[in-house]
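Naming follows writing order (A, B, C and D), and every chain is counted from residue 1.
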Amino acid sequence: MSAPKKVVLAYSGGLDTSIILKWLQTEYGCEVVTFTADLGQGEELEPARQKAEMLGIKPDNIYIEDVREEFVRDFVFPMFRANAVYEGLYLLGTSIARPLISKRLVEIAAETGADAVAHGATGKGNDQVRFELSAYALNPEIKVIAPWREWDLTSRTKLIDFAEKNQIPIAKDKRGEAPFSVDANLLHTSSEGKVLEDPAQDAPEYVYQRTDSPEEAPDTPEYIEITFEKGDAVAINGEALSPATILTRLNEYGKTHGIGRLDFVENRFVGMKSRGIYETPGGTILLEAHRGIEQITLDSGAGHLKDSIMPRYAELIYNGFWFSPEREMLQALIDKSQEHVSGTVRLKLYKGLARTVGRWSDHSLYSEAHVTFEEDAGAYDQKDAQGFIQLNALRLKLLAARNRRLKG
Amino acid sequence: MSAPKKVVLAYSGGLDTSIILKWLQTEYGCEVVTFTADLGQGEELEPARQKAEMLGIKPDNIYIEDVREEFVRDFVFPMFRANAVYEGLYLLGTSIARPLISKRLVEIAAETGADAVAHGATGKGNDQVRFELSAYALNPEIKVIAPWREWDLTSRTKLIDFAEKNQIPIAKDKRGEAPFSVDANLLHTSSEGKVLEDPAQDAPEYVYQRTDSPEEAPDTPEYIEITFEKGDAVAINGEALSPATILTRLNEYGKTHGIGRLDFVENRFVGMKSRGIYETPGGTILLEAHRGIEQITLDSGAGHLKDSIMPRYAELIYNGFWFSPEREMLQALIDKSQEHVSGTVRLKLYKGLARTVGRWSDHSLYSEAHVTFEEDAGAYDQKDAQGFIQLNALRLKLLAARNRRLKG
Amino acid sequence: MSAPKKVVLAYSGGLDTSIILKWLQTEYGCEVVTFTADLGQGEELEPARQKAEMLGIKPDNIYIEDVREEFVRDFVFPMFRANAVYEGLYLLGTSIARPLISKRLVEIAAETGADAVAHGATGKGNDQVRFELSAYALNPEIKVIAPWREWDLTSRTKLIDFAEKNQIPIAKDKRGEAPFSVDANLLHTSSEGKVLEDPAQDAPEYVYQRTDSPEEAPDTPEYIEITFEKGDAVAINGEALSPATILTRLNEYGKTHGIGRLDFVENRFVGMKSRGIYETPGGTILLEAHRGIEQITLDSGAGHLKDSIMPRYAELIYNGFWFSPEREMLQALIDKSQEHVSGTVRLKLYKGLARTVGRWSDHSLYSEAHVTFEEDAGAYDQKDAQGFIQLNALRLKLLAARNRRLKG
Amino acid sequence: MSAPKKVVLAYSGGLDTSIILKWLQTEYGCEVVTFTADLGQGEELEPARQKAEMLGIKPDNIYIEDVREEFVRDFVFPMFRANAVYEGLYLLGTSIARPLISKRLVEIAAETGADAVAHGATGKGNDQVRFELSAYALNPEIKVIAPWREWDLTSRTKLIDFAEKNQIPIAKDKRGEAPFSVDANLLHTSSEGKVLEDPAQDAPEYVYQRTDSPEEAPDTPEYIEITFEKGDAVAINGEALSPATILTRLNEYGKTHGIGRLDFVENRFVGMKSRGIYETPGGTILLEAHRGIEQITLDSGAGHLKDSIMPRYAELIYNGFWFSPEREMLQALIDKSQEHVSGTVRLKLYKGLARTVGRWSDHSLYSEAHVTFEEDAGAYDQKDAQGFIQLNALRLKLLAARNRRLKG
């Protein structure tokens, strides 16, 4: 890789990415463009602007954007159409944000004539893979700089030294090591590392930052109704809302009722296991509700096909292949299934649990006439079951007869 | 089908199967053998013996058996090794009991020289399919009688009339129609029909018979530890227990903490949707714990393969294909994966939720040395990630380059 | 099912469907509309019109249509985009024609005010299922009459008697039983039954009607080029042709060179095995060519995903679920993959074999720069492979280390 | 990686691995053990011994072994039970040999106290991955040396120079570059590179070394019978033979009749496409025969499940994951399916084609009684098909009714 001349950095305004910013300037001598996105992580963005300016970035080279609606509309919602969970439990809250950041990095590189992008993910995790696969998929010529894989600032002490030498301000609580590492966006907050590294030990309560504990949640359940159109949530309790607003509201409900906590050991794409604490309050409600509305609007053939490809779809997102032909092919399949996934789900929220307790839809495939225990009105002829069973059994009978024959 | 001469009936001792018993005697004029199994449904079996005798069954023709250990050991546990859930949520509590009943029916038929078996499942449900596919798979010559598909006792009134005419005692509360229909075994209780037929309406609290409501559950969490060997639970809080005892204990924990309630609309194999209320207290805890122990003992390649075939495995069980070559093939795959799924999981039980909060094992694949945020001891070379990403990205770059070339 | 009043019959003009026509008139007393389609089966259609008129069908009720272009464009080509083969070998020639026939039957029923459709498939085969599932999927109210499952004309003698009684002309060679049964359309000819019923016995050469034997094929190979656009063949040897014309031409090439013969025992959806002789001359060439062009234009992620869902897609078509949500979902996935499957394949045709020997495309993803054995121009850094292997190996090492630890 | 002290080299005795041998001695100063295997590649092994001795290897450090039986019995046959083909066409002839070589390298390392193994695969191909993943899976501590990724002998000229400087004899025809590169074992011969690099160009006839051209094959077909037991071939024309002998014989048949040539562009695991010419004469016959015997002995449920996982199984082998938990899990599934895959297949071999024309077995599931066109003997009740279709159609009807309701 030839030396980059101008690099777009995914910049949070925090200490680590500020160090990267300075390191890029000093190590590569290259011009830096910063990109700071509001993905719903719950931090002010303006301090990032000031800090970037202070570190010598020209105003034109500072990009600060609220991408929450795009994030939910074009990434989170398509993923939830699939009921995607990784390894049975993880709602992919970190994974789904990375492609969007890479997409903007590459776009800003094109706008500003930059030939490289940079990110602050380490060499041990999945995020480096997600950032870089997305970047390369969108621009095969782009250079990607991953300082954590390159530099020798391999300890907290060295980082702090570098910051001090380079006049990067250090907040008091950043001098020592954080007891764990956090990533957050509108969909979730993840915590990992340090005090969480022993998967046998309970996570301390203070790790949970996004949700109240179920024990402290209200003692009376709350009921809400979520309305879907073509697989996407469009209203809560009858109020039409934008995608990001819906997720924000659901996060509030989830926080209050202690919903969406997960203590999880997962398999990273790079080969090792890691333990994380995930909080996905709104997403956990949304997944339950989406399954609820699919229950009455989705045909079994469609639903079972979706279920069977879901693990692969989730793995692709986890591994960083959002911008790959196979993810897009699976999305085409999933989206096709959602044409009639419209209607309303009623949920009970209570002390950590979100449960579907009712669902209705003009698109419903549920037929009381067919299923009723009441005397039949002729919708269904029970005698048909005889033939259905006989033909389904035929091959089993032939197998059994063969086995008997061989045994003598 | 030529007329059966001797039939083994799955007999609960209740009104409906007593009517069937009499109907078989009168309609087919055939000798009846009754089989009553204790699957953990929580009913006394001796009354069934007395009732059978009263209806003219010879003592030698009355089979009453406690099959709980076999049920859990040979059916429930193998299924839980797969983390099987049907349509994302249903733990298959009814489905998994049917093959065992059929197996015993067919075996008793062989012992008693019977040429037929009979069951009390209706022509609209899945259970008829499960009973009959299992029976035919085990004995291709067996005749199966499904009175509900044949007779003209198509209303409650006609059934009661038939019972009265035939001196079948009718408990007072059986004269009218039950507000819903129930199936129970050691794994779960299901309720469906009547008051539950409108999936928009909340299920009344009185439908839940197996679990206390989360609202009434204790206000303090309880922690338990479940130990696994080769994928099966073998101990609770360090106490080694038999399979059925483990499930019984877990049911008690689950009942107390309001765990395992599900309000569900599912797709029946016979083609329509139906709504059921499922309570699977112990099973819900067991599934969570099994996932927890797999998190540290199962390799990602193994785990992802298991996840990808699980929906098919669950569908096979739901549809009644337990005794099929493909279920056995999948079981071979699953069992192969469980050789090292041994260790202990710590769970927090609280108001409807069972959550893994810790797990440890001699068989653990979790390596703190690889994942640590601390300075590396050399277990992992972050620079390897560079090559890993480059080669994973190569095809995406080639795609992007192709697309650019075509655009101009 | 209430009695049908007007029925649209899939009518070939042959003896069997003429008997059905008359039987519908006499048994059900209903008005009959005939539908005779040119699917490329190689028979004149006008005799069908004359025969229908002779049997009393009003001219307005006689539908005769050339549907070959629709057949290839909307059914055969979409299926070939998937490289669909059933059970490893069968190109689904019969299966893919049935949905089109049902679609037209249902449409003609709507046009003519008919409340039923009828077909001449027996109660043992797959075709009844395919006809009827398609019909019901397109019109849930339609009645379907399958005379072979209903009537008592269960032997050749009874059929001939019925025909004679009803003045249905009988061709001399139809008096006795045919030595085997044939289905044909533009994609294939299938032969089964009678002389073919013993799967241990070679099929006699006279069974093959659609292809010359490889032994009699030319002693010199012929080379052709097929051009694709978005997964569909659009030209042969540079000449742009319509879908049906392309398949017709490929059939001629295939016939000449003895290509596309298959002696096959398959699993029917209705539960038993059957043996058939299939001849798919053009389709066999087309499949090979399509695979050839995908080799250079399809990314591995896309290709492997397609391969993994293909068996399910093929099974759906075989079983008659063309008009199902899940087939349409899979089609959406497949079609998405074909956007760049454009280019030209060169094939060698010789004595039964069609082999790709060259392929080129503007959409090619093949990069000589990356693969070359020549000294590198920098497109690929071999050292990247080191990291790629290390991270792919990491979990295997952790597994091996775990197993060693436990053993020693 | 610390410096290796003793290394086991996969040694062919050819120029390239002789250079590697010397390079290991000079570059790493380490003791070298050579392992030369007879995998059926058709070369004498004793010259490798002499050459190794000449290059200074101690007799005790020279391992020369005939592993053909192990190769076919433990690698080729298990793979053929799955009908494994990669990307629709490739029989995995190179892929399947690598794990065996790695296994012996690692075993010999243990026997000789070596801490490293080395291979001669380049940094661009799949073989490096296969060798190394296998080695690491068998010994997580082993060091692997891949000289082609390390050294600076990056051109033919440099290699020849190195050889001359080190007194490595150079056969005359090795001075210049070979027109293509070859790998061979008992299962296949692959050729790639140089004259084959343009996938649009026909491969010259001289590339094919393992098979006679179909044009030159005999003008009369030959018929053979292959007998299987539990999925493995055990006899040809009634003569019981060892695994390697069977494959050897089938190779002879295939060579004579020009069977098993493939011109293929594939997707390498390392990310690019490559074009190869594969000749798999015996394997092509074996695959056809195995499918033939499965046709009558394998149930549809079993067969369809096998078909659906096959692409994943093949990909695992192609990518080098033979010694992975997921390959072993799939193998368990596949082997379970083969318990009754016993019987005999008759094949016609003629000018490039191997076609099943008959098959029979005591384990056959084919039932003429069920499938016959003759008047029924009661094995099958055609009326059962009515109910079978109705219940399969039910969900499609409900879908169609829903869609009508919404439209009107």
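Some notes on this structure:
Convention: a residue touches a chain if its C-beta (ideal position, glycine included) is under 8 Å from a C-beta of that chain, and two chains touch if they have at least 3 such contacts.
Just so it is clear, the structure is predicted and the values come from calculations on it, not from any experiment.
Shared contact partners of chain A and chain D, listed by label: B, C.
Note on interfaces A-C and C-D: more C-beta pairs are in contact across C-D. For the touching copies chain A and chain B, the fraction of interface residue numbers used by both exceeds half; the interface is of the same-residue type. Separating the centre of chain A from that of chain C, both taken as means of CA atoms, is a distance of 41 Å.
Taking each chain's centre as the average of its CA atoms, chain C and chain D sit 31 Å apart.
Along chain A, residues 267, 270-272, 299-301, 304, 312, 324-325, 365, 367, 370, 380, 383-386, 388, 391-395, 398-399 each make contact with two or more other chains. Within the complex formed with chain D, the chain B residues making contact are 267, 270-272, 299, 301-302, 304-306, 309, 312, 321, 324-326, 328-330, 332-337, 391-395, 398. Interface of chain C with chain B (complex): residues 299-301, 340, 362-365, 367, 370, 380-381, 383-388, 390-392, 394-395, 398-399, 402, 406.
Of all residues in chain D, those touching chain C in their complex are 83, 87-89, 122-124, 128-129, 132-133, 136-140, 146, 148-149, 154-155, 181, 193-194, 197-203, 214-215, 219-221, 261-268, 270-275, 291, 295-296, 299-300, 303-304, 307-308, 310-312, 315, 320-321, 323-325, 346, 350-353, 355-360, 365-368, 370-373, 375-376, 380, 382-386, 388-389, 392-393, 396-401, 404.
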